[in-house]
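Listed after this line are the structures, all set down as C-alpha cells.
In what follows, subunit A forms one complex with subunit B and a second complex with subunit C.
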Partner chain A sequence: MISEPVKIAPWLDAKQIEQTLQDAKMPLPRKDPWKYTSLNQVLQHLDGPFEGNDQFPASNGNGVLIGALCDPEIEPFAREYVSQVSKNSNNVLNSVNLLRAQQGYAIVSCESSESSRPAVHISASDSCERVLIVVQEHTRLEVIEHTSGGNRVIECVLLAGSQLLHRRLQPASTNVEYNSLTVNLKENSNYRMVQYSVGAKLRRNDIVVNIEGEGAQVDISGGWKLSDTSHLDTQLTVNHLAKGASSQQKFHGVVGDSARAVFNGRIYIARDAPQTDAHLQNKNIAISDGASIFTKPELEIYADDVACSHGATSGQLDEKQIFYLRTRGVPDERSRELILEGFLTEIVEHEEGANVLGIEHRGME
Partner chain B sequence: MSNNITNTPEELIQKEYTAGFVTDIETETLPPGLSEDVVREISRKKVEPVWLTEWRLDAFRRWQKMDEPTWAHVKYPPIDYQAISYFAAPKGEKPKSLDEVDPELLRTYEKLGIPLHEQKMLAGVEEDPSQPRVAVDAVFDSVSITTTFKETLKEHGVVFSSFSEAVHSHPDLVKKYLGSVVPKQDNFYAALNSAVFSDGSFVYVPKGVRCPMELSTYFRINAENTGQFERTLIIADEGSYVSYLEGCTAPMRDENQLHAAVVELIALDDAQIKYSTVQNWYPGDENGVGGIYNFVTKRGACRGARSHISWTQVETGSAITWKYPSVILRGDDSIGEFYSVALTNNRQQADTGTKMTHIGRNTKSTIISKGISAGHSSNAYRGLVRMNPGARNARNFTQCDSLLIGSECAAHTFPYIESRRKDAIVEHEATTTRVSDDQLFMCRQRGIEPEKAVSMIVNGFCRDVFRELPMEFAVEASKLLEVSLEGAVG
Partner chain C sequence: MSLLEVSDLHVKVADREILNGVNLEVNPGEIHAIMGPNGSGKSTLTNTIAGQEGYTIETGDLRLNGTSLVDLEPEERSYAGLFLAFQYPVEIPGVTNMEFLKTAVDSHRKQRGETALSSVEFIKNMRTLVSRLEFNPEFLKRGVNESFSGGEKKRNEILQMLCLDPKVALLDETDSGLDIDALQVVAQGINEFRKPHNAVVLVTHYQRLLNHVVPDFVHVLLNGTIVKSGDASLALDLERMGYAWLEQDANP
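Now for the complex of A and B:
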C-alpha cells in the first residue's frame, strides 16, 4: 500500500487511517449512542463542503504557544498526542475528521504564574478542524471556545499538576454542528468545563474525559435553552481509570417549542480506580407541549470502594413557585421567566454564558 | 459461622443451593432440535386447536428471521438452539387427582416446601387464621402436574388452571388475550417462547371479585438438555383483585439450561394485579459452570381506568438474568409499580429492570430497584420511563441503588428517560456504594457478629422491596439473601 500523508499532520498515513476506518465497527443509526440524533445527518454534514478558516486562535498574554500542527515548534507535541489522546474513545468520526480537516493547530501552555493565566479564544467557524491542547506540567490555561456549525475535534491533555478552564459557548445557529472533545488528565490535574448552548438545527457534543492520573479533579457543567425545532445532543463519558480522583457533572436545561434535548451522561469506574467520588445530575424543564427530553444517566462500576450517584429529572415549572411570586404581585409571565432564570443561574458562572442563554448574569466570575 | 471471620470475603460468600437435587423419574422428551415439525408435535401433544398451531408456526417463522439481542450487559457463549429439547414431561397419562400423581413428584415438591395437599393447608387455616392459603399450580419441566384449590376458587368464579387446560376450557379468553400484551414478534425470546411454549398458568378473575387466596405457580426444571418455555396469562376483569406468586428452582448441573418465559397481565377498569416472583433458579457454581439462562419477557397492560399492576421480584438465582417486567399504562389514572431486589454472587450476571410506558392521563409509576453484587458477579439495572404526548399529568419516581460487596464485582445503571409531555414529571436517582465501614463498626460495637451485621445491613437495604412482598414470600426472600451472603464481611 502506497502511503499518503494526512494534510494537517504529514507524519500520519491517510491510507492506513482509511483502512482502520473500514475495519472499524461503524455506529448504527437509531441505536445508542445515536438513538435520538440522526447519524446520517451528521455524516452528511461531515462530507462538507465547509467554508474553511485560516485564522489561528488569539491569546491575550504570554506563556502560550499557538501554531499549525506541522509547525516545527509544535510538531513534537503533535506527533506525541494527535490521534493518540482519543485513540481509546472508540469514535470513528474522530478519524473521519482527521482525514478531512482543512486546518489543524495546537495550543500549548508553557508557563503561567499564580496570579495570571493565559486565555485563548477559539472562534466559531464553519470549517473542519483539528485542535490539540496541551497543558504542560504545573501550568494553567484558560480556553474560551465558540462553536457554530462546522466540525471541530479537540484533543486535550492535562499533564501533572496542570489546570485548564474551558468555557464553551454555543450560540444560536441554523447549521448542523458536530463537536468532539477528548480530555486526558494526569496526576493531580484539574479540568473545569462549562458549556452554554442554545438552539441549532442539530448540534451534537461528544465529550470523553479519561482520568488517567491519581488525584485528578473534573468538574463539568452545562446549561441549555432550546426553542423552535432545534436539537441538542450532549454525550458525556467520564472514565475513572486511576484511584482517588473525583468528578462532578451538573447540567440544567430548558426546552421549549418543539425542540429536543438529548443528554447521556456516563460514569465509568475501572477496577483500578478505588476511592473515586463521582456524581452526575441532569435536570430538565419543558415549557411547551411539543418539547421532548431524552436523558440517560449511566453508571458502570467495577470497583467497590467508591461513592457514586446520579440523578435526572424532567418536569415543568413548579406551580407553587409561580403562585408564590404571583402573591407578591409579580405578573405571571415575569414569574415564569424569573424561575427559569434562577434554574439556569445555578450553572451559569460567566457573563458570556449568561449572554448566550439570554439571562441576566448575577453570579461572580 | 463466626469462626470463619478470618477468611476473605470471597471465600466466605458461599452460596448453598438447597434446591439442586434431581428427581429420578421417567420422562418423555422430544429429541433435541427445533423445526416446524417440532412446533407441530408440541401442539399435537397438547391437542391444541388449529388456530393455536398456526399461531405457533407464525411465531416460529418470525423467530427464524430474528437476531439474538446483544445490547444487554451480559456475556455468554452462543446458544445452540438446535441442541435443546423443547418438550419434556413425566411419562404417563396426566393424573386426574393428586392420588394418581407419581409419589416421586410429590416428594420433590415436599422437599421444596411447596404445599400440594389442599387438606393439610385447609386444616392449617382452620387452626391458625393468620396462615394464608395459597393455591398452587405446579409446573414440572414442560407440563403442569396439578393445580390446587380449583373447586374453592370456582365457587368465586375465579379460573386458575394450567395454560393447556385453559386452551380447552376457556378458548375465547385465551384467543382474545394471548399475545395481546407481548406480541409473538415482540423480541427474539418472546418469539421463541410463542413457538414452543409448553405450559404455564392461566388466571381469570371475573368482574368485582376479590380472589380469596394467593395464587401461585411453582416452576421446576428437572430433565437434562431441555429448556423451559412457560406462558402465563392473567386477566383481572373490572374491579377485581388478584395476588399471584411465582417460584422456581432447578437441579445443579454443569450444563446451562435455557428458560424463556412470557408473562402477560391484563388489568381492566379498577382491577388490581400484584405479581411477585422469588426467582431461585440454579445460579451455577462458584466458577460459573452451569446454571440457568433466564431470558424472560414479562409485561402488564393497565388497559382500564384506575387499574393497578405491581411487579415485585427477588432475583437471587440464574447464571444470567435478562428480564424487564414492564407496565403499559394505557388507562387514565392507572398505576404501575416495580419493586426489585437482584442479588448476584460468584460469576452470576444480571441485566434486569423495567419499562413504564405512560399513555393515559394522570398515570403514575414507581420504580424501586436494589442491586447487590458480590464475588465476581455483574449486576445491571436497565430501565425505560416513557411519557407519551397524551400522558397529561403523568408522574414517575425511580430510585435504584446498588451495593457492592467485594472488589471484583460490578454494578451498572442504564436508565432511559423519554419525555414528550410538558406536564409529565420524571424523577430518577441512583447511588452506588459498598457496605460502609461505619455501619459495620456500629454493629460490631454492639456485639453483632460480622456476618450477621452484613446480613442486617443488606436486609435493611432491601427493606423497601421486601415490605411489598406477600408475607410468606418476604420471609423466604429474607432467608434466601441470608444463605446467599452467608459470611460476607464486606
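Now for the complex of A and C:
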C-alpha cells in the first residue's frame, strides 16, 4: 500500500489514519456527546473551505521554540506527540483535523525562570490547524489563545514539574467553530486554564484532561454570556489516572434571548488514582424565557480515599438579591446587571476576559 | 407631621393575612422598639414598608414625610429616605462591598441631581465610616456579605445605613447574633446616626440593645397587630414576664 503523506506531518500515514477513521465508530448524532449540538453541522464545517492562515503564533520573549511540525528543530517533538497525546480520547474529529489541517505547528517551552515566563499569543483565524504544545520539564509557559470560526485541535503535554497558564478568548462570531483540546499532565505539573466565551453561531469546545502523573494540579474555569441565537457547547472530561492529584473545575454562564448553552462536565477517577481531590461546578442564570441551558455533571469513581464534589444548576436571577440592592436605591435594571456581572466576575481573572464578556474588570489579576 | 405613619395596615403573604390592622406613628427624633414573639409579623411589617414583592397590602396606608409609599418602587422608597437593615442580609458573590456601596450612594446622588463621587473621595469617606464601626477595611473588597459571619453582616447593615443617611431606619433584629463588643459598636453607630430630624424603628427580642439605645416607645406586635405600647419600661416588663399575659389580654 502506497500511503500518501499528511501535509503537515509527512511521517504520518494518511491511509492509515483514513482507515482508523473508517474503523472507528462515528459518534451518533442526537446522542451524547452530540445530543444538543448538530454533529452534521460540525462535520460540514470541517469539510471547509477555510480561509487559512500562514502566520505562526508570536512569542514575547525567549525560551520558547515555535515552528512548523516538520521544522527540523520541532520534528522530534512532533513525531513523539502529535496524535499521540489525544490517542485515547476516541475523538474521530481529531483525525479528521489531521487529514485536513492546512497548518501544523508546535510551541515548545525550553527554559524559563522564577521571574519570567514566555507568553505566546495564538491568534484567531478561520483555518484548520493542528497545534502541539510541549511544556518541558520544570519550565513555565503562558498561552493566550483566541478562537473564532476555525477548527483548531490542540494537543498539549506538560512534562514533570512544568506549568502552563492557558487563557482562551472566544469573542462574538457568526461562524461555526470547533475546538478540541487534549492536555496530558506528568507528575507535579500544573495546568491552569480560563475560557471566556460569548456568542457564536455554533461553538463547540471539547476538552479532555488526562492526569497521568502523581501530584499534578489542574484548575479550569470558564464563563459565558450568550445572547441572540448563539450556541455554545462545552464538553469537559477530566481523567484522574494517577494518585494524589487535584482538579478544580468551575464554570459560570449567563444565557439570554434564545441562546443555548450546553455543558457536560465529567470527572473520572481510575482505580489507580487514590487521594484524588476533584471538584466540578457549573452554575447558569437564564435571563430570558427563550434561553435554554442543558448542563450535566458526571462523576465516575473507581478509587478509594478520594474527595470529590460536583454540581450543576440553572436558574433565574435571585429576587432576594435584587430586592436587597433596590432597597439601597440601586434601580431595578442596574441591580440585575450588577448581580450578573458579579456572578461572571467570580471566574474572571484577566482584563481581556472581562472585555470578552463585556463586563468591567475588577482588578483581581 | 409624623415622619413615618402606618395606618390600619392589613397585609397578606401567600394568601394568608399576616398583619391585620397595624398602626404606628413615628416622629422626628424618636426611637421606637417593636417586640413580639417569633412569627408575630415584625419582619412582615418592615419588609412591607420597604416594598418587598409578595407582601400585598390589602388595606391601609404607609406614609413617609406625608408621601404615600404604597405605589413606590423599593428604590424610590430608598430615595424618599427609608432604610431597612435586614434580619437576614443576602450574600451577593462577586459584587464587592465597595462597588455596591458606591453604586447605592451614586444612585441617591443622581436622584438628587448631584454628580457621582470620585472614587478617591468615596474611598476616603468609607475609610472614616469603616474605622468608626471598627470594621476591617478588607471587608470592603469582599463580595457583599459573602462568607461574612452573622455579626459581620449586621455590622455591614449599619455601615450601609450610615452611608445612605436615611430619614427613617428600620432595623430588623440588627442586634441578633452580635457578640458583646459588636453590640456596643452597633449601638454606638445607631446613637451617632440619631438626629433630631430622623428616626429609628428597632425590631428586637432583647433588652440588651435597649440598654444602649434607649427607646422612646416600645410596641408589642402579636398575631399581626400592636397589642400594647408603652415607654422603655415595657421592654423590661416583657423581659420579666414574656408575652403570655398580653396574649390573654389580646384574646380574652
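As a convention for this text, the second predicted complex is superposed on the first by the 364 of 365 C-alpha atoms of A that agree within 3 Å, B and C clash if a C-alpha of one lies under 4 Å from a C-alpha of the other, contacts with A are read in each partner's own complex, and residues count from 1 in each chain.
Just so we're on the same page, contacts are C-beta pairs under 8 Å (C-beta built on N, C-alpha and C of every residue); 3 or more make two chains touch, one makes a residue touch a chain.
Quick caveat: nothing in here was measured; it's all calculated off a predicted structure.
Participant: When the two structures are superposed on subunit A, do subunit B and subunit C clash or fit side by side?
Facilitator: Overlaying the two complexes on subunit A (C-alpha atoms) leaves subunit C and subunit B fitting together cleanly.
Participant: In the superposed arrangement, does A:362 touch subunit B (first), subunit C (second), both or neither?
Facilitator: second
Participant: Based on the superposed arrangement, let me know which partner A:218 touches: subunit B (first), subunit C (second), both, or neither?
Facilitator: The answer is neither, since A:218 touches no partner chain.
Participant: Taking the superposition on A as described, I'd like to know which of subunit B and subunit C A:334 touches: first, second, both or neither.
Facilitator: second
Participant: Calculate the angle at subunit A, using C-alpha centres, between the directions toward subunit B and subunit C; round to the nearest 10 degrees.
Facilitator: One gets 70 degrees for this angle.
Participant: Tell me the contact category for A:345 with respect to subunit B and subunit C: first, second, both or neither.
Facilitator: Only subunit C; A:345 stays clear of subunit B.
Participant: Taking the superposition as given, does A:323 touch the first partner, subunit B, the second, subunit C, both, or neither?
Facilitator: second
Participant: Of the two partners subunit B and subunit C, indicate the one touching more residues belonging to subunit A.
Facilitator: In the superposed model, B touches more residues of subunit A.
Participant: Considering only C-alpha atoms, give the closest distance between subunit B and subunit C in the superposition, rounded to the nearest Å.
Facilitator: 13
Participant: Give every residue of subunit B touching subunit A within the complex, in rising order.
Facilitator: Interface residues on the subunit B side: 71, 387, 389, 402, 404-434.
Participant: Show which residues of subunit C lie in contact with subunit A when the two form their complex.
Facilitator: 50-53, 73-75, 77-79, 82-84, 86, 89-90, 92-96, 99-100, 103-104, 107-108, 111, 143-144, 160, 164
Participant: Could you pull out which subunit A residues touch subunit B in their complex?
Facilitator: Answer in residue numbers: 31-32, 271, 274, 284, 286-289, 291-316.
Participant: Hey, which residues of subunit A end up touching subunit C in the complex?
Facilitator: 318-321, 323-332, 334, 338-339, 341-346, 362
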